[in-house]
Amino acid sequence: MNESITKKLNMDPLILLALKEDVTSEDITTNAVVKEGSRGQVDLISKEAGIIAGLTVYQRVFELLDETASVEKYVNDGDSVKPGDLLAVVDADARTLLTGERTALNYLQRMSGIATHTQKVAKHLIGTKTKLLDTRKTTPNMRIFEKYAVTVGGGYNHRYNLSDGILIKDNHINAAGGVKEAIAAAKAYAPFVRKIEVEVENLGMLKEALEAGADIIMLDNMNTNTMKEAINIIAGRAVTECSGNVTEARLKELAGIGVDFISCGALTHSSPILDLSMKNLRIL
Amino acid sequence: MNESITKKLNMDPLILLALKEDVTSEDITTNAVVKEGSRGQVDLISKEAGIIAGLTVYQRVFELLDETASVEKYVNDGDSVKPGDLLAVVDADARTLLTGERTALNYLQRMSGIATHTQKVAKHLIGTKTKLLDTRKTTPNMRIFEKYAVTVGGGYNHRYNLSDGILIKDNHINAAGGVKEAIAAAKAYAPFVRKIEVEVENLGMLKEALEAGADIIMLDNMNTNTMKEAINIIAGRAVTECSGNVTEARLKELAGIGVDFISCGALTHSSPILDLSMKNLRIL
Amino acid sequence: MNESITKKLNMDPLILLALKEDVTSEDITTNAVVKEGSRGQVDLISKEAGIIAGLTVYQRVFELLDETASVEKYVNDGDSVKPGDLLAVVDADARTLLTGERTALNYLQRMSGIATHTQKVAKHLIGTKTKLLDTRKTTPNMRIFEKYAVTVGGGYNHRYNLSDGILIKDNHINAAGGVKEAIAAAKAYAPFVRKIEVEVENLGMLKEALEAGADIIMLDNMNTNTMKEAINIIAGRAVTECSGNVTEARLKELAGIGVDFISCGALTHSSPILDLSMKNLRIL
Amino acid sequence: MNESITKKLNMDPLILLALKEDVTSEDITTNAVVKEGSRGQVDLISKEAGIIAGLTVYQRVFELLDETASVEKYVNDGDSVKPGDLLAVVDADARTLLTGERTALNYLQRMSGIATHTQKVAKHLIGTKTKLLDTRKTTPNMRIFEKYAVTVGGGYNHRYNLSDGILIKDNHINAAGGVKEAIAAAKAYAPFVRKIEVEVENLGMLKEALEAGADIIMLDNMNTNTMKEAINIIAGRAVTECSGNVTEARLKELAGIGVDFISCGALTHSSPILDLSMKNLRIL
Amino acid sequence: MNESITKKLNMDPLILLALKEDVTSEDITTNAVVKEGSRGQVDLISKEAGIIAGLTVYQRVFELLDETASVEKYVNDGDSVKPGDLLAVVDADARTLLTGERTALNYLQRMSGIATHTQKVAKHLIGTKTKLLDTRKTTPNMRIFEKYAVTVGGGYNHRYNLSDGILIKDNHINAAGGVKEAIAAAKAYAPFVRKIEVEVENLGMLKEALEAGADIIMLDNMNTNTMKEAINIIAGRAVTECSGNVTEARLKELAGIGVDFISCGALTHSSPILDLSMKNLRIL
Amino acid sequence: MNESITKKLNMDPLILLALKEDVTSEDITTNAVVKEGSRGQVDLISKEAGIIAGLTVYQRVFELLDETASVEKYVNDGDSVKPGDLLAVVDADARTLLTGERTALNYLQRMSGIATHTQKVAKHLIGTKTKLLDTRKTTPNMRIFEKYAVTVGGGYNHRYNLSDGILIKDNHINAAGGVKEAIAAAKAYAPFVRKIEVEVENLGMLKEALEAGADIIMLDNMNTNTMKEAINIIAGRAVTECSGNVTEARLKELAGIGVDFISCGALTHSSPILDLSMKNLRIL
């Protein structure tokens, strides 16, 4: 989700929109104080410990403003950084460096914040078969960036959006009139390449979902004993996912009972940023 | 920044883009399980204590999908809510309720999280003349929503973007060859309706900025004693702003020495969301 | 894929683009000969026997030009029509009727042509468990319309696009260095909600795919005996799809050996249109 | 309609839209199985006999995804190909080859199908003065590609759209209250650079149209004798066009009586594609 | 070019773009001083004598901001106004009145300026057969508004753009290698519905153009005697147009020798605006 | 407002839109008469005396059509030109030269017309402290080009749009209920980086505005004596601006009494173009 085609088709338009959000006519300060045509370099420095994600997006901001911009990277996405580390040097038209700075950092800091947070959560699952998942609780118009950042931090992606996966939740079940009815409707309607996932709240719903042929069962808000029983009932007949606000202690407990996936909305909706800075501009 | 014209011109296109991010062809689950043309209602419920911001954006998501959608609100932007509160009831085509749910919540939760965080910080300044400011450290393509949420929480907005305010920072001073040179260049270039703000790191730069006629001085990374001295030197000749990562203790200290504004990037870049939920869908 | 949200988000922009393709400044003929503000009605008549698909798209063309336009429909999507049938009466501003006519018909004729063709092919599978599938061989910027038309004709949809399904084809296998390697890479990379489909050309590849855990096997260009053997080897461990240019005789033969799905690109890339006409305009 | 400016201004936006239709987030299969940065080549091969049209559009798909893509062409638009012919070799980033394949072929196959069909029809007019015309019965958002394909096959283009030509049809005449009234209104309203074309159904209407000064007369649904009489009446005072579903036998008959143009909607609305394939991907 | 379909398809997007040019985040002044939800009325008053053109565009600006806006018009496009005339009263949300004012006036003043200028020029041709034409020398992204304004002032439109008319000028003739060659190439390439216009600078070129079958001859930069001779040579075999900077005296002279059309770029590129004003806002 | 980032982000999209306004399918004349792939050069020549503005926009038109286009400039923005001067030579694909000509000239002529007009007005202020300002009375979708042209002619820019400056006018004061109320509301609402400007019509309003702390006072429609008195009352406590239709005589008078700025809408709304021409195309 970070290679050149995705960037051209699905990231560039959003990056350009973000640049236009910040420059509706011109960057007055920069155009006033920096002589046209001067070349510059500036350092990207870490002010905090964490995991870097989004360096090519960061680079793309400058390239979209100035085709001659180049970024010499001293770290890669997924690397750990500590305060004071020199992460990269950007070389471009000096105005580009100043005008693009904030947008480039806004992307990189948020993506790195998500990767850092994801890694902190995911490390509690190391050594288990359980994997950490993201959700659709992303910031509007940031999904493609945020879902990529989750993978950099060691998490896995759930479905991308409402068009490419089936997930039957409580409100769908209400509307359909029952678990069985909802699954039957989904099987009849959805392309056969889609797996059917159902969210269940108790063992009765679970059994109904299994009988109706759900591919994935999301166990919602169950205590650990009930969940253990649920896993036993499922017995490998469906992939299992558990969701909800999970503390670190709970993470290990859930992994212990063998759930396949734990999904965590906070990865994308509540990660603080990773503090980074652009310093030491020099005119060449 | 939340009235109907801004929404039509500058929010709707972003909300529509966010909806298309989530629905690239159709909402398969909903279209499978909910009968076409059924009308529904669903409750918006708070799961956490905080300040609500963004209810009209939340409402707009449903209206953009279904012109007949209506939202009965039991709270307004700026109100405090506690877990379990019923905030609103949405009435619309039942498919609209399910398809719009995530996008509507993604906006509302993030905006309310920012308002909640802002209020927590701002309350340390109550009773002082010092005001809390946001920055341009916003999430890409979310600025108009996030800056509004700051005001709901009791904060104030700094400039909107690079085109509508002058802020001369360290890298600009590097490029211009000095504080005086940078201010002179800005005065010569910028429309006269713009105030000139300069970031200074020490008292020497401060004096230079004052002499050159800066309208606003941002005192960056100074200890409290130096800052006190700075305020004395300025003596009302310029508006004062102080930035940087400020703890609560520091906030009061800074307010105590009479700085006009304290800006805080974390309001927009690192607020966790406020947890809200849509529950109890009923088909009418 | 034909309800109001999909139309608003994903069809309307394409319909508007098509209208602008046909009206780059104004409809000169209509504006010259029809008095402004006159109201009219016109009949939609079938000139050929077939299946109708796309009536709400047809209607949408007029609504996008004139909010007061209404269409009284005498048939529904999926109905059979014969030459001379009155299918609908459109009531709108008289200029709207003339300016929208061609674009509305271009959509409706093509969609109905696809539904008609699909039904002709699908009827050979009636009474068997085998289902008819479409492909991604659609006309550029027409996919959402064409895939819907296939379902109206009794066909089923394969994946919508490259982002929402895994299909490993010959060129992918070349690039990955083998069937096993390609499936392993897909399992490691793709969200777990995706099924893995692999195209195989012989029984060796088939066995490799089964062992590697493919969810769906596409049997490409095999003779009937080999395909029968393939189905036996698979023995229900994977869903089976067969593709290629299939004649009617071959369709029955394939259904006879129990393949789950037969995919047919011609449904969307080579269906002739269904001939329809708008006649008898009267000024009210 | 196939040179670089038209492509940049009016084809590229549509091609990009088509690529986004197929890649809403990323090409999961390709990104999973093909190593980033690998270079590849693939062959474009004909599986059917016909006329090629759209090679530069085909090439443009790859260029828009990868600036370094190049296409070595062994045939040109308008050339005849036979099954098995190697038409071109595409050299690009290997992911580009796989991700662009379907969109590139969807354009090229449809355009070549139209050129092939057009040539088959046009050859019946060889040796006569009668020319074959297309219509506005094109696939929505494909007009610029389809009208170009018609010219490659030896056909001629009628007006491009409603804004750049006057064509008064039955419903216009109804609205205007007569042939004479409609022509007078068109002459008064339309820019003088436009020719006035009128569709007539009988000799009475024809005479009225001639008297009113029509530049082009479209003879609609007349039998051959009536049409012969019509041509005699016109006697070179207007250009003549004949439309309607014309069989091959009828084509020659119409050419025989000296009509200037025969228009045929089927060229663009009902041509089957020309079957082409991309094979033999090799990683370099 | 001013009816509802053209407005929806081809004017609204430009009007919206213009509104976004003026409101990149919000109208700060209006949102500060006008209470949300207040209803207002404001008068449109003429400050200068002239011809009004563009009232529905003026109205559309307010409607696009506020669906409930209405405009009571006391004059129509084409009417003469004098200083102090009340032209219309706009009734809308009070913020809409203030936020839309400038954009609405910018359109209306420019369009009325063009209509006023056109009428002044056109009146010198009254009583002759010669008609006044506009050109493509329009303001970028204003053509559809400016060409309409010309017709309101009594002028006529030449071709709309490069795609819908043939006009062979000096540089084309240079490129083609001669008048005859250029006309032959145009006849071979262009759709037969297009007339061929050629610009000639002397009688030699004129004769060549006539022989080659030009439909329209533009006589460029000839003195009156030469032009008279040219008209005699043409003798009705082609429509005649004369261009260039024409003074009022010259206009009558040219009309006197019977040229069909005189084109005048200044109508659209150098008309001063008509001064209008919005006054007397009252909150209801 | 004329450097590469502004061009990429905020000018290019408008230039492309203008090109599509002129080329909705293809440039038929050029494609007919100019052989594909031929290289050409053409001269840009002045036909009138004036000031040039917009050469890089002129150049950009050709570059957007043809990446290999280059413009050799013999003058720069701000230079005076006289009839017959060779301003530049454009070298590009020959079709690009012809297709881009009109759009390139439409921008350059209008921008140069504004610069020429501005310089004529501004020269009356030479030797005084008074500066000439533009307004928001610009042509829709031309603001960024027109405001730049004003600066080239020696004028200064007022605010860019409604989002980046406070200007309280008569209708705002009506809505707020008074000058004091309006200023108080603006101070409470607007970001502190904004200056507050108020338009006053008499000395009573002036005093109220000063007391309420306006940063800029616009003196509207006062006679010279009143204005002199106003300047005395203000006594440097606010910046002063004077607006309205100002004759040359009046300009000097106003400068004489020491007003800081004089704003003039006519610079952007009523400047005639500067007549320029592209001549002498040669195929290389």
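Just so it is clear, A, B, C, D, E and F label the chains in written order, and each chain counts residues from 1 on its own.
Basically, contacts are C-beta pairs under 8 Å (C-beta built on N, C-alpha and C of every residue); 3 or more make two chains touch, one makes a residue touch a chain.
Being a predicted model, the structure only gives us computed values, none of them experimental.
In the contact between chain A and chain D, the residue numbers used by both copies make up under half of all numbers at that interface.
Remark: among chain pairs D-E and B-C, D-E carries the greater number of C-beta contacts. Chain centres here are Cα means. That of chain E falls 22 Å from that of chain F.
The centroid of the Cα atoms in chain D and the matching centroid in chain F are 44 Å apart. Rounded to whole angstrom, the centroid-to-centroid distance between chain B and chain D, based on C-alpha atoms, equals 52 Å. Each of the following residues of chain A touches two or more other chains: 23-27, 31, 99, 143-144, 160-161, 163-165, 191, 194. Chain F meets chain D in the complex at residues 16, 19-20, 23-27, 31, 36, 64-66, 93, 95-96, 99.
Residues 1, 3-6, 8-10, 144, 147, 160-161, 163-164 of chain F are the ones that touch chain A when the two sit in their complex. Per the touch definition, chain F reaches chain E in the complex via residues 14-15, 17-18, 21-35, 38, 40, 42, 94, 97-99, 101-103, 105-107, 109-110, 113, 136-144, 161-168, 170-176, 181-182, 185-186, 188-191, 194, 245, 266, 269-270, 272-273, 275, 278-283.
Against chain A, in their complex, chain C makes its touches with residues 131, 156-160, 163-165, 191-195, 197, 216, 239, 260-261.
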